[in-house]
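Labels A, B, C, D, E, F, G and H are assigned to the chains in the order they are written; within every chain, residues are numbered from 1.
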Amino acid sequence: MNTARVLIVMGSDSDVPVMEEAAKILRQFGVPFEMRISSAHRCPDRTAQLSAEAEGRGIKVIIAGAGVAAHLAGVMAAGTILPVIGVPIAGGAINGVDALYSTVQMPGGIPVATVAIGKAGAKNAGILAVQMLALSDAALAQQLQEYKESMAREVEEKDQALQEKLAEQ
Amino acid sequence: MNTARVLIVMGSDSDVPVMEEAAKILRQFGVPFEMRISSAHRCPDRTAQLSAEAEGRGIKVIIAGAGVAAHLAGVMAAGTILPVIGVPIAGGAINGVDALYSTVQMPGGIPVATVAIGKAGAKNAGILAVQMLALSDAALAQQLQEYKESMAREVEEKDQALQEKLAEQ
Amino acid sequence: MNTARVLIVMGSDSDVPVMEEAAKILRQFGVPFEMRISSAHRCPDRTAQLSAEAEGRGIKVIIAGAGVAAHLAGVMAAGTILPVIGVPIAGGAINGVDALYSTVQMPGGIPVATVAIGKAGAKNAGILAVQMLALSDAALAQQLQEYKESMAREVEEKDQALQEKLAEQ
Amino acid sequence: MNTARVLIVMGSDSDVPVMEEAAKILRQFGVPFEMRISSAHRCPDRTAQLSAEAEGRGIKVIIAGAGVAAHLAGVMAAGTILPVIGVPIAGGAINGVDALYSTVQMPGGIPVATVAIGKAGAKNAGILAVQMLALSDAALAQQLQEYKESMAREVEEKDQALQEKLAEQ
Amino acid sequence: MNTARVLIVMGSDSDVPVMEEAAKILRQFGVPFEMRISSAHRCPDRTAQLSAEAEGRGIKVIIAGAGVAAHLAGVMAAGTILPVIGVPIAGGAINGVDALYSTVQMPGGIPVATVAIGKAGAKNAGILAVQMLALSDAALAQQLQEYKESMAREVEEKDQALQEKLAEQ
Amino acid sequence: MNTARVLIVMGSDSDVPVMEEAAKILRQFGVPFEMRISSAHRCPDRTAQLSAEAEGRGIKVIIAGAGVAAHLAGVMAAGTILPVIGVPIAGGAINGVDALYSTVQMPGGIPVATVAIGKAGAKNAGILAVQMLALSDAALAQQLQEYKESMAREVEEKDQALQEKLAEQ
Amino acid sequence: MNTARVLIVMGSDSDVPVMEEAAKILRQFGVPFEMRISSAHRCPDRTAQLSAEAEGRGIKVIIAGAGVAAHLAGVMAAGTILPVIGVPIAGGAINGVDALYSTVQMPGGIPVATVAIGKAGAKNAGILAVQMLALSDAALAQQLQEYKESMAREVEEKDQALQEKLAEQ
Amino acid sequence: MNTARVLIVMGSDSDVPVMEEAAKILRQFGVPFEMRISSAHRCPDRTAQLSAEAEGRGIKVIIAGAGVAAHLAGVMAAGTILPVIGVPIAGGAINGVDALYSTVQMPGGIPVATVAIGKAGAKNAGILAVQMLALSDAALAQQLQEYKESMAREVEEKDQALQEKLAEQ
């Protein structure tokens, strides 16, 4: 059995559908990961412990997703030297701009690598984690290169499909 | 010597000039208080301890001031059942709206009593703390009543001064 | 029959579904409360009277919810020395940021303890009111402690459920 | 001595330099006015009285200027059937957008005629008051017509000055 | 047949459902009005003419509603000395904040009396127009007074209904 | 003497220092232009005439700069089929976001080609006008190509200077 | 067969329904165009090539539509001296304000002619492209003049329809 | 001589004072780096090349800082599989919120690890780069641990200094 190299953590089970986008990428790249629910506010001790013990358990990168005041990524970053990726989650009246500001505007000394609000951000959090791991893993780097090429091909195919559709008109 | 009933905490010594407005009010009302620097991100264990031990040390109300991602009030609130008042502090490119969102948009279960951004908010945090203490302290309630009346008188005096100035023109 | 210790006031009957979240918390903690509709703009005299008489009637904390220009909490705070908690309610084109600014940006001298926009905020307003009352009520303090622990347990259970679901995949 | 037809009210003496722009316009058009300091929050009874008595004292239009949570115009409008013009005043971290939202987003039933933030708004509040009075005052209407023409001429003169400057280059 | 005293103008027929709120108020107060579609951008000459001729045709107040860049109220105000009330209409990606800024931030010299975004604003535009006409129409002033009292009664009735509902629980 | 091919128009002489950036580019490319002050609100007839007559006088592109409610570009675009470039100018409490929204959010049918807020935008308005003229002017196209290359070289030189400075450290 | 004079490019096939509004206008005016999918981020080389080769292939104007970080218009503008029109597309949590800022706030030297967010903007991009082409194409200029007149007539017809509907009431 | 492991790139020499904060951190941790000026818009080919060749030259992490439309980090990320950290730089009328949105709101597939606006963000970009390198460099990890501890100590010292200052009063 593989040891988790990435820890995906979120504040509530309602965040699972968003954070699942990060999990999908990690599965696609064959990177073992853990997915945990822990709240910066409702169970602060457990969250602090999750952060403090991550490195010792072999975790290399933490991905934290949270909405509204969104302190989770910052609190995780406070307790570890591992890189922490923050995913702001939309929801509530301000719809994610609050979560974005709370995640990205970290004071000097404690970075959170923030990605876009919502599912696109969660997907990119997965890719960013793979990019970090690929710095010392040539096979992952090769996979990333192929992923990048497949994205370019996909755009070409969509363009081709559009040309065919326009030609038919 | 009096035991502190209010704990004023802020993330950095650069926040002292703002949070001093809360301290001034507490001095004016004769409420003993502590003023501490502790950071949610740079010293999370110490901050958690400050929150966890507050009630036991006789603290009744916590006032927490922070800027940018401003997790301090939320982190303090996570660790105690005492009411926590949050003062968003302006600074950086977003100038306090980030701190406001990070402080006020707390998830259900962990309230932060948020006041206005900056010095007016810090002053009001002091008054709000006194209002809470006055719920079981008739002398403080009396002082608050007098403070309220003096504010009304002050407006009347300013209006009177304006009328005199206009009459001179 | 218990005398109300908390007054929940809102500007319109359309706000009841939001403010009911505060009422639920007060019922859960066994805190007697009143729930009233009164508008800062449509019946200013009645609103002023509600504020002025609250303390004399035994009210300890006021919770005021309003949307758009949201003057209700500020107007209630103007007429009393009791702590006033403001709940900004989403609605209209600006969807609650207007209500947040109108509620939280009070001038120095007249605090409003502002919570998050909408239902999460109303729930937290209830908890914050209980926290204030618990300062001189050990039984309520004990209940708050248990509530806090149950929130932590609930997160653990959700995490456990997620682990089981992931293990099944 | 003339009876005031316009009441200019503001929350603080620090607002005088802004609201003076409205006064200048009223002086220029020969409209007698009163200028008062009264706060919606610090002296609510006095403010309510100012509003309630305005019509009886011969006031036709109220201009209210306030910053941050800016409840003054709304509170004045709650107490009278006279038209109330609101001037949002910049200041504090949010710099007037808070005052704009608090002034303009009035609920159905109680309008506030809101003008631009700051000095341009205060000037326009004066002109708007004159426009209202001119509905039943042909001499004022004539003055407004001349004022409008002089604004057009002034732009032409500035354009002429620019052409001369450009020709010199 | 009555001559129109208020001109309601809007940029598109899609704005009719919003601006109808102003019309309802005018009908309720018995104020004759015109309702016109004219665009500042698609038929500028016609719009300019509508503004220029309004006073001569007996119009006393203009209400202009528009969305997005929302130049209509400003363009109407440029061509007349009559008071112009602007109703920002929500729509498009920015949902009315663009229309609010375009309507309210008029430069010194040309006021637009701006009300809230959308239907509440349109309703208030109607009331504000009545308030202006009532300055020289005692019967309208009397109607406004009764309207104000009926609004207060309505809140009382809603409060009474809530008390009954709570008592039943 | 050359006939103006570009008309630069602005609402006030205070906008000249910003719009001068467009003029500099036109001078640099040898494109004759006119620079005029005309206000959408203070002299609407003159502005309408300026727009309506532009094409007949040989103007090919209009550049309009304005701040706050910023209706000028839209009003110019309403009166002509020439392309109109809008420059939002910062100023006032909202500092140009109001001008940006008022300029760019034009309804379908009447485009305004909007550039960045302030001096960078005015400069780009000049370049954009040249790009439009270059569509049928090979010499201008050649100049644009050289301008583009000189920008690239300038970045290289700045990079070279930085490398030298870093090497010295 | 006609050679394309306008290149419409978008980042994803999900943008086709928005950008189709530009295509409709070009078809209506008989302007031959190409419609392509190419991404600034997923296939940067192909996008750079599309931009670099456009002028040589006879393209006169480029219209680029993109959402969220919306770099496409800027990247196209970097590679050509042709005028580039940017259409910000709504989508994601920030709903197009992100795309607007990313498209319009170009640094000095590289303009993007930005239009409104979404379908109205795409339609206007088409018209703006026609306006640019019409600078050296009298037949297109004539068509634009007729289009402008038909828009004015359409407003008149809508107004007429409203008058009839109101008369029936 | 050490080979650079981090590439710091910025769009203009005016960004050097901000990005220098990243450089300071890298010097402090003994991580060799390159600092380059290259613009996504003014020299797109050079920027594309810088990105494409980075991995081959031994670069492990790219830090890109840019203001306003801020496409640089996204353009760098498009051309490499290395992790790219984006630093939004304040400047212009929107003061960095434009740069933040342009940097963080990347579409799915191409992540940019975004940090706070301005100097605090640049400093954190440096730390984040070290955190990534430390995943396979135990000495760096040890340094990070010490850095984290020194930050905590620094807060304690500031708190101690405040206590001494308060004791003196």
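One rule holds for everything that comes next: a contact is a pair of C-beta atoms (placed from the backbone, for glycine too) under 8 Å apart; a residue touches a chain by one contact, two chains touch by 3 or more.
Given the structure is predicted, the values throughout are model-derived calculations rather than measurements.
A.B. asks: Listed by label, which chains are in contact with chain C and with chain H?
C.D. replies: Touching chain C as well as chain H, we find A, B.
A.B. asks: If you average the CA atoms of chain B and of chain H, how far apart do the two points sit, in angstrom?
C.D. replies: Chain B and chain H have C-alpha centres separated by 34 Å.
A.B. asks: If you average the Cα atoms of chain B and of chain E to get two centres, how far apart are those centres in Å?
C.D. replies: 42
A.B. asks: Which residue numbers or ranges of chain C touch two or more of the other chains?
C.D. replies: 12, 39, 42, 45, 68-69, 92, 94, 97, 104-107, 109-110, 116-117, 120, 151
A.B. asks: Which chains are in touch, pair by pair?
C.D. replies: Result of the pairwise touch check is A-B, A-C, A-G, A-H, B-C, B-D, B-H, C-D, C-E, D-E, D-F, E-F, E-G, F-G, F-H, G-H.
A.B. asks: Under the stated contact criterion, what part of chain A meets chain B in this complex?
C.D. replies: Per the touch definition, chain A meets chain B at residues 11-12, 39-42, 44-45, 48, 67-71, 74-75, 77-79, 92, 94, 97-98, 101-107, 109-110.
A.B. asks: If you look only at chain D, which of its residues touch chain F in the complex?
C.D. replies: Counting only chain D, the residues touching chain F are 88, 90, 95-97, 100, 116-118, 120, 151-152, 154-156, 158-159, 161-163, 166.
A.B. asks: Quick one: in the complex, what on chain B touches chain C?
C.D. replies: Touch residues, chain B against chain C: 21, 60-61, 81-83, 85, 100, 104-117, 119-120, 123-125, 127-128, 131-136, 141, 144-145, 148, 151.
A.B. asks: Which residues of chain F touch chain D in their complex?
C.D. replies: Answer in residue numbers: 12-13, 16, 35-39, 42-43, 45-46, 68-69, 92-94.
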